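In the two assemblies presented below, chain A is common to both, partnered first by chain B and then by chain C.
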Partner chain A sequence: MLTRSIGEISMTVLTSNTIEIRSGDDVVRVRQEVRSRAVESGFSLVDQTKIVTAASEIARNTLDYGEGGTLLIERLEEVGRRGVRLTFEDQGPGISDIERALTDGYTSGGGLGLGLGGAKRLANEFHIQSQPGKGTRVTIIRWK
Partner chain B sequence: MDRIPILKLGDALLVTIQVDMHDRLAMALEEDLTAKIAATHARGVLIDISALEIVDSFIGRMLDNIAAVSRVLDAETVVVGMRPAVAITLVELGLSLAGVKTALNVERGMTLIEDRIHADAVDRGDLDDRPDE
Partner chain C sequence: MPNNDKSLADLLATHEHEILQEWQGLLKASGALQTGRIKESELATQCRNFISQLRGALRPDGSLDKSSDGYASLKSMLGEVSRSRAIQGFTPSETASFVFSLKQPLFNAIDKGTRAADAKASYIWQTSLLVDELGLYTIEAYAKTREDIIARQTREIAELSTPVVKLWEGVLALPVIGTLDSERTQTVMENLLQSIVEQSAEIAIIDITGVPTVDTLTAQHLLKTVAAARLMGADCIISGIRPQIAQTMVHLGVELNVVSKANLADAFALALHRLKKAIVSVKQAPSGRQSRYVSPEDRGV
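Up next is the complex of A and B:
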């Protein structure tokens, strides 16, 4: 898995916008916005579907476990490629054991436990930072 | 709140999902379908997802649940019309929808359900032309 830290390489942020995630309607809006940005970046239908699905999984986590939060959507460009970066942030209870949260089948709610691990598989780059009591930030990038 | 319409088609129920699935809408559909199977004694449920642009783990779980509950109520669920990009993404996400039968389109799905109803009728002897012992 690629875990190069963001910012080391020259990367241009073409556009950015922020969406509040406070309700189920917002999760639907996240999917629509991410789809639009992926289309603008020239993503294939499969790549669009992958990043929108990953966004849906993480947005639901932000809503259900993070008590709501925000999503920053950025269209990126670096030498020879374009991509979309999604940064989900919440000030919820945080995740005490990230490795476990990334394991398929692990869930603290009633879900299938595929959310984070599945989103990680659907992205090219995946970063998660969490501090118990402070919140969680998940960043994913999918390149065209 | 919006509801997804459920149509009766012979011994089957047909659900065509045409909107972006809201979590609450998905849960309402699960309940409505269960009630409708019981009320109509339907033997099959066809869920057409050809308009769905994504299926995430929540919607996948809903499909799995509907199939499991239907089975308990003696109805077979067939999910039809999944887009290729959705299928690719679902598998990568880790969802195999193991408990759900799938078919390429409504027609083929309907055939699956009719075959099952026919096979059951033969098992019961309704369509058996051999003389009773």
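Up next is the complex of A and C:
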């Protein structure tokens, strides 16, 4: 069990596991795993659906644009609340203009262009780091 | 190789009976028959065939002659045994132990039938290599069969889970169950469009009660299906959007510019309304509990 302090709040990671995202089937597995972790953390049906959908969006981005990568799923506990943190990492081409990637309707593929922005709205906390040529890391947290 | 000792194939022939006895004993002891998936007589036949095929595949020095006919038939026989076991539901170790449990009887036979220590060691080494190779082949054949089963089931699921149902003259329903990944969406779309033509349907209801997650890709697939149906002259209604999915879709910013209803019954009622039909209660007894279909014209609407 890992305990670390961010300011004065101590956050505990209850469980963590990693999933490889290499094919379309892995996106299905991501959804199933995230749903199980959300159920374990006592999420309501709406919260489960939100984090699962957000995970599905980012996992597909990792696969389609990041050339595949990994997802770290962690169940968190803080004073008075529980949550699930998802960290998606890839070593793909990266995003040159994050602002634009987060804009609704913008897509460099053939999608609706709502995935990244939608995932941000579905999560309580959203961080994205990307460096062209190095890869992308997206972290989202949803609290119960 | 000392000449006064027999070749491995001859050893097998001389001690065949003992080897078979011991082998079958070991297989029984390991519980091969306990599950009842295979009969004792069937197992005995498999063992006998295996030994006789093995004899045909051996070179005088005890190694496997991979170019011989015996080797080919040994492999095909072993493949058949693995396949049937994979289908009967044996575990991989149960399947592999069919071959691996032959090691001990073979070693015992070599021990009894060979005098010179160097010949003994050489035979035991050869036998060990041979049994390992055949054991690995068994596992490969087993895995191949299981993969075939999985591939077949995948195809079955893809077909079975996308039936298009005719609800009424001109009204089709497509109950989608499971994940709408791209490969299945293709099947769903083809089935629906084909049925629209066949039934000359005017309204198609896509029910997504059985879809656990609707993300932007799923939404996009749905919208494409709806657009294609429209081009064929059919209007689509989407039903079965559960509350949590509705909320999530709003956050995602997905707009389905399609008429949608909470459940299939409401969607069907809307479809009938559009076709200027309605379901009304029958007033007269005795079949008063049943509903009868009356068109609005008949009711004077």
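Everything that follows uses one rule, which is that the second predicted complex is superposed on the first by the 136 of 144 C-alpha atoms of A that agree within 3 Å, B and C clash if a C-alpha of one lies under 4 Å from a C-alpha of the other, contacts with A are read in each partner's own complex, and residues count from 1 in each chain.
Definition applied: a contact is a pair of C-beta atoms (placed from the backbone, for glycine too) under 8 Å apart; a residue touches a chain by one contact, two chains touch by 3 or more.
Because the structure is predicted, anything quoted here is derived from the model rather than measured.
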Evaluate whether chain B and chain C can sit on chain A together after superposition, giving fit or clash. clash
According to the stated criteria, A:V39 is in contact with first (chain B), second (chain C), both, or neither; which is it? neither
In the overlaid three-chain picture, which partner chain does A:D104 touch, first (chain B) or second (chain C), both, or neither? both
After the superposition on A, what does A:V13 contact: first (chain B), second (chain C), both or neither? neither
If we overlay the two complexes on their shared chain A, which of chain B and chain C does A:Q48 touch? Say first, second, both or neither. both
What residues on chain A does chain C touch that chain B touches too? 24, 27-28, 31, 35, 45-46, 48-50, 52-53, 56-57, 60, 104, 111-112, 114-115, 117-118, 121-122
Write out the stretch or stretches of chain C touching chain A in their complex. 179, 181-183, 212-217, 219-220, 243-245, 247-248, 251-254
Okay, in this complex, where on chain A does chain B touch? 24-25, 27-28, 31-32, 35, 45-46, 48-50, 52-53, 56-57, 60, 104, 111-112, 114-115, 117-118, 121-122
Considering the complex alone, what residue numbers of chain B touch chain A? 20, 22-24, 53-58, 60-61, 83-86, 88-89, 92-95
Where on chain A is chain C touching in the complex? 24, 27-28, 31, 35, 45-46, 48-50, 52-53, 56-57, 60, 104, 111-112, 114-115, 117-118, 121-122
